[in-house]
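So the structure is just underneath, and the comments pick up after that.
Labels run A, B, C and D following the written order; every chain starts at residue 1.
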Amino acid sequence: MSATAVHSLWTTTAAASVNDGIDKIDAPNIEYGQLAPTLIVIGAAVIGVLIEAFVPRKSRYYAQLFVAVVALAAAFAAVVALAAGGYGTTKARIAAMGAIAVDGPALFLQGTILLAGMVAIFTFAERRLDPVAHGNRVDSFVAQAGAVPGSPGEQAATKAGFATTEVFPLALFAIGGMLVFPSANDLLTFFIALEVFSLPLYLLCALARRKRLMSQEAAVKYFLLGAFASAFTLFGIALIYGYAGSVSYGTVAKVVDGTITTVDPALAGTMGNDALLLIGSAMIVMGLLFKVGAVPFHMWTPDVYQGAPTPVTGFMAAATKVAAFGALLRLLYVVLPGLRWDWRPVMYGVAVITMLGGAIVAITQTDIKRLLAYSSIAHAGFILAGVIATTEDGVSSVLFYLGAYSFVTIGAFAVVTLVRDAGGEATHLSKWAGLGRRSPLVAAVFAVFLLAFAGIPLTSGFSGKFAVFKAAAEGGAGALVVVGVISSAIAAFFYIRVIVLMFFSEPKADGPTVAVPSPLTMTAIGVGVAVTLVLGVAPQYFLDLAGQSGVFVR
Amino acid sequence: MNPVNYLYLAALLFAIGATGVLIRRNVIVVFMCVELMLNACNLAFVAFARLHGNLDGQIIAFFTMVVAAAEVVVGLAIIVSLFRSRHSASVDDASLMKL
Amino acid sequence: MDTENLIALLVAAPLLGAAVLLCGGRRLDRVGHWIGTALAAVSFVIGLVLFTDMLGKGAEDRSLHQHLFSWIPVEGFQADVAFQLDQLSVTFVLLISGVGTLIHLYSIGYMEHDERRRRFFGYLNLFLAAMLLLVLADNYLLLYVGWEGVGLASYLLIGFWQHKPSAATAAKKAFLVNRVGDMGLSIAIMLMFTTFGTFAFEPVLEATGETSEGKLTAIGLMLLLAACGKSAQVPLQSWLGDAMEGPTPVSALIHAATMVTAGVYLIVRSGEIFNGAPDAQLAVTVVGAVTLLFGAIVGCAKDDIKKALAGSTMSQIGYMILAAGLGPIGYVFAIMHLVTHGFFKAGLFLGAGSVMHGMNDEVDMRKYGGLRKYMPVTFVTFGLGYLAIIGFPGLSGFFSKDKIIEAAFAKGGTEGWILGSVALLGAAITAYYMTRVMLLTFFGEKRWQPDAEGNAPHPHESPKSMTIPMILLAFGSVFAGGFFSVGDRFMHWLEPVTHHDHGDSPLSAATVTGATMVVLVIGVTLAWLQYGRRPVPVVAPRGSLLTRAARRDLLQDDFNHVVLVRGGEHLTRSLVYVDHTLVDGVVNGTAASVGGLSGRLRKLQNGYARSYAVSMFGGAAVLIAATLLMRAV
Amino acid sequence: MSFPLLTATAALPAVGAIATAAVPAARRTAAKWLALFFSLATLALAVVVAVRFDPDGDRYQLTESRAWIKDFGVRYELGVDGIGVALIALTALLIPFIILAGWHDADPLETKSSRWRPTQGFFALILAVEAMVIISFEATDVFLFYIFFEAMLIPMYFLIGGFGDRAHSGSDENASAQRSYAAVKFLLYNLVGGLIMLAAVIGLYVVAGNFSLQEIAEARANGSLDMATNTERLLFLGFFFAFAVKAPLWPLHTWLPNAMGEATAPVAVLITAVVDKVGTFAMLRFCLQLFPEASKWATPVILVLALVSIVYGALLAVGQRDIKRLVAYASISHFGFIILGIFAMTSQGQSGATLYMVNHGISTAALMLVAGFLISRRGSRLIADYGGVQKVAPVLAGTFLIGGLATLSLPGLAPFVSEFLVLVGTFARYPAVGIIATFGIVLAALYTLVLYQRTMTGPVKPEVASMPDLKVRELAVVAPLIALLIVLGVYPKPVTELVNPAVKHTMSDVQKKDPKPDVEAAK
């Protein structure tokens, strides 16, 4: 049904104009129920904008926080309802006239994104870490984005108790885009979603309260490179469209595996011209690889992760990866399965250099945030190993990995926000020396996260790694598994280095202090630890979940 | 006229845009080059739409413009704030974070 | 009552003593030595009981067995803790526990002033237990336990005065050299296991006929290696001289009378194996002959009275090994000489100890002289021992040694001639160096001066507890040989175990005896000419090359030092280096290189957005190219 | 299902670990006693296990089986054979002594803040290790085993790096640097081993479809699961590599001297006497059962490596200047013997190897703990700093000597039995190898006696002149161990009877028969 449906979405109106009058337009039917999660979040975001406009400054923070949390909770409820309603499995379908797919992977990923987003919002809202400025509790975002760093204007803004509460609607917009991204079922929706969640992120990156120059620099880099990448993606889409004459996943897929063949000899020149297809798909994939931060499209990652406000970093690192990998999966499994033998080797190569590159470069990092950035690159490589499996197991293993990984990441970055000195967060590794002596609990928690990153058994990291490697091996990519374990070994080295630093080296006299956070951040960290351990010790339930959601709708 | 020429032109524009991104220092210019790349895409879309005789491409082109506009808004915001704090619009000056 | 149940007690009594004395702590210090002596005596008494009981039985059913428990039960591998008491072992039991008891008694006096006397007796008891276990075991593995047990005891006793580095070193050396021998024993046992599927005496010795001579030879040679270690035979003899660092009673008991003869026991016990392996036997005889001369020569050169005696011990055991190597011709005489030697050599050592006791522990014979006046008892007993060992007609040594020489000739053929004449030569040298010891110690004028602190020794007779054992042993050295030889008593006694044939001596017994007498006279005269007639210089003259070599144990230690010790040190030192640089280096090197790579790759992250864009652009190009390429191929 | 005895045995110390960790900072002594109590309780349970186990019964007994991670084909399957029982008993037996010996090792120095609770952590970690070791002896599911095989690295790592030997040469920073180097080296070596094994584990799943040891072994036996020769060999190598690192086998051994040198004596004992045994145990249980053909294929190489370990380890022990490093190299030599026994593939060899694991555990514990007491008195690990100790502390010297004699496997002490069995077992199939291995006993005597002579005998060094003899607590640690050494040396039957049936099974797994003695062969 999808092919015609998509056509009709645009063409009916056009056709109508030529044909018999304009007395009847068959309105496109939108399944609002099935789109509820996205709609709720976007709606909430819009409300957020309105709040900025109409609610007095003093109460904006609470209003925004309230709206955001409620919206995310509601959206998550909607996802659960849909999943319970069987839309993940039996009743999986394509909604909104073929624009959105509602199926297992989509729901699973949306659920993950929403939870991760929720936790991230908590860290956004944290106001106890920075010292009270001029009698106002402040969060980790700049008082007034427009004010020049260090200028009297900035101080005035702070004194006046300004706060960039826009971050909440921005985050909601981003989340909304992320919800659509992995469930987009035609390339246009795909592209729009990409932009919808990218643009707010660019802005969020620029809004750090401390180290604003770095923050802005991060934003610029992220923005320019992001735009650059999305231009490639768009051109890729154009070529695919040129090849298939449609942007609907279903149609393209059919054309690719040749169930639809060219009818018009005049179009033979382009229609079914594989060059277009191959180049196009390569360019789209490149755009996605950029988002997941795979080598060699990873270079923005460390700088942006370092410069962005840490809560935002955590959010990006977790949610963006989830959304982007979701989209990548759908693209490769739904649109380009016919091309498997062309993209598999390429992705194989990318996975290898990503795993190794990330792990190796991380060894010599001296800034905790950059370290985590490179670790996230390495993990992108591991996940790619699962993607390459091109089996149902592959999908579910990737889903599971994403779920496990995102919470560890947010938790880890949340811990990073706690370790502070006069200049804000003390992110330089040397500052972390002896943390285990000063505050064993925080150090222990962070150690748990690091062990999970390193994939030590009884942590979620191990379950995930095992799942993807298993899938890869079953998919016949045994060599990839070997590379994987080697790079995990390399990666282990620098995670261990941090642990050594925290526990085995004597604390420095001028070491950082550990701020006592509000329940918000505590929940974020707590959830992280809980998920890490539960998924490590008893992952079966979630594996089942991921396993059931392993089927895409075509 | 052979429709493929439009594609060549689009590709050419895209290449020019990309090259611009790679070689120009001024953030604004770099950004405009990105816009150029997007417009190259538009040209390709329109050409293909014509080729296929359906309007999807043309509509996508409109979407693209909107997106481009949005990017301009966000981008300029960021760039301006950067410029105000550094008094420089050179991409290369924004290199605090490295290694 | 069935006596075999007593066998375990033989071992248990001294073992109990050792346990009590070593764990008992200081509170036993006052009575410890009596407990030790008493328990030694107990096992001697039990030995006597068993002996008399055995005499009451017919020659065939004299072999008793006691199976205590199954020791190491493993698939296809059966090792039991079980004892076998036959004529051979009972002989040893009596010797060991008898002499042992005497020496315990002697030690009470000798160690009187040592505050660690209790521990000393503990070690002595431990030794007795191990030694008895060695001779009572009914399989080679259990024998091995005793074998190493006596090694341990000897280690502890040689190094008893641990504060003396020399003592500690000597102890370590003894243990290590013995370990080399033990390697032989364990390999022999393994061979037996793979050959016969067992290593209990009876089944093995009965099955020797069923396997190849080659196997038997291999086993025999390995057993010989073991014997060399324990009995200080060339090439593993070097430890015995140093072992004299131990208290004299130890030298008497362990390094003269009993432990060092274990090798002889092993070979005689394994007679069947050697009978089946002529080559092994030949090797045994050769080792015996060489050591016989070696020890004798060393004995001639030493000025330290104990070391001289040690050399003599070596040489006398050489006789025994030689005899044991002769097969059924010699087994009996080997054991007989072993027993008599046990008496007189123990006596001699106790005598030496008594002398040292009176001379402020001076051991250099050149600082003795004319002691017969000061310590008559010692003089007499020592003298009797001396006469016995040189084989003075009618005394023990005469009978036993003479028989061995006969047997050597009786081996027949060239070998017989060679071995016989070597044995004769040995007899001559024995006479020479023993006379030398005698003269240097008891005759001539006194040569001792005040030592550094200016307190001159006041030679005096030792207390009863010391002299009585000496006297008793002297009796043994005088009469034992005669008693054994009357009507070949000893031969008939052992025959059921060792079997015996007379061989065909090319010379009549009388001739051999005559020859022995002649060489004996020659030896004594030579010694008298050198040390009896003219005064003895207190400082040893430089002496001939041979003498100097002999003083250094014929350079054996120097050889060991250069080849083994130095070589070993270099090896270990270089290995430590290898372990650190190579084995570890490879790992660390890999880590370092990864780190370096990381450092270089890191430089790519230069902070310039445009260079990032370049990498993206390049990446995209590669991606596209690769995709197209995949289609192309 | 009846009472899950095995789970309880493994869970009890885990509970103990949590409880101990939870003790408030001030109540250090309470934490110690709590830990001791739990370790003793575990020992009691282990005894129950040993009693309930019937040597003549099924191969695996007291089995438990629950669903765990279906998607990975993983079940929570426990079961013990004789070998497992012996090693569990060993572990449960040693831990109380380790705790008792380390009684004061983790007392905080004054500088630490009140929130830092080293004592609680120390004993909690020890118990955690015990729990993980025990469960990996019980696991009959490859994945379950792997999880704890890997997980036990973490507490070990903190024990080594966090609670180093206070007796060190040089400044504190220097010492802590060496310590964390040792800890990291330990962790990375074993982690790399483990990760390579992970690849093999995944491979095994791809081939076999589940992780149940028994199912796979049966499938292998009845031919329903046949692996391609190369697959089997690769998988075998993946497994063996990890175990060889853990064991450790030359040339993967270099982490051990550092770890044992830098860790406190009790932790060193924990490493070599308990944790490393998992490696050799796993060779016996997993390598031979899952990959019999590959095991046979690899035997020659492994035997050579084992030989090298024996001789090389002993020689290096002779060359050491640091008491604890010496013991470490001695252990490497002993592990050579164990591996030799396992891969000689004879009943004597494998029984001997298992027995060796137990005996080596006890003897090393005795020697190392006494060495620890010695070191803690003088504050130095260098042999050269000692001399004439036996004059001032005879009991300490005596126990040290007995420990040493056990290490050189003197007959009458436990290690002799096992070492001789290994030698005989090896000799029976590979005479040359057996003979070369025998050189090990000479070298063992060399390094032990040299150590004893240099430290204990000779004139009394002024530094040790005032050295106190063993205290009651210390005696309580050493005496039972020595008693055990003697008892097991004279009467090892209980253990051998436990082990023999299990070995028989393993022999049938690899389809090997003991070589017949010539005399019978002739008939």
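By our rule, contacts are C-beta pairs under 8 Å (C-beta built on N, C-alpha and C of every residue); 3 or more make two chains touch, one makes a residue touch a chain.
What you see is a predicted model; the values in this text were computed from it and never measured.
Taking the CA centroid of chain A as reference, the farthest chain centroid is that of C. The interface with the greater number of C-beta contacts, when A-D is set against B-C, is A-D. Chain A and chain D have Cα centroids lying 46 Å from one another.
If you average the Cα atoms of chain B and of chain D, the two centres end up 65 Å apart. Each chain gets one centre point, the mean of its Cα atoms, and the points for chain B and chain C are 97 Å apart. Chain centres here are Cα averages; for chain A and chain C they lie 81 Å apart.
Shared contact sites, meaning residues of chain B that touch two or more other chains, fall at 18, 21, 30, 91, 94-98. Residues of chain C in contact with two or more other chains: 591, 602, 605, 607, 609, 613.
Residue positions 188 of chain D each touch two or more of the other chains. Here the chains touching each other pair up as A-B, A-C, A-D, B-C, C-D.
Interface of chain D with chain A (complex): residues 67-72, 112-113, 115-117, 146-148, 150-151, 153-154, 157-158, 161-162, 172-173, 176, 179-180, 183-184, 187-188, 191-192, 195-196, 198-199, 202-203, 205-206.
Listed in rising order, the residues of chain C touching chain D in the complex are 22, 69-77, 81, 141, 144-145, 147-149, 152, 155, 159, 162-163, 165, 167-169, 172, 175-176, 179-180, 182-183, 186-187, 189-191, 193-198, 207, 210-212, 215, 568, 571-573, 575-576, 579, 583-584, 587, 591.
Contacts from chain A toward chain B in the complex involve residues 7, 10-11, 14, 145-146, 148-149, 188, 191-192, 195, 199, 202-203, 206, 212-214, 216-221, 223-224, 227-228, 231-232, 234-235, 237-239, 241-242, 245-247, 267, 269-271, 302-303, 306-307.
Chain A meets chain C in the complex at residues 220-221, 224-225, 228-229, 232, 274-275, 278-279, 281-283, 285-286, 289-290, 295-297, 299-300, 302-303, 341-343, 345-346, 349-350, 357, 360-365, 490, 493.
Those residues of chain B that touch chain A in the complex are listed here as 3-4, 7, 10, 14, 17-18, 21, 27, 30-31, 34, 37-38, 40-41, 44-45, 47-48, 51-52, 54-57, 59-60, 63-64, 67, 70-71, 74-75, 77-79, 81-82, 84-86, 91, 94-98.
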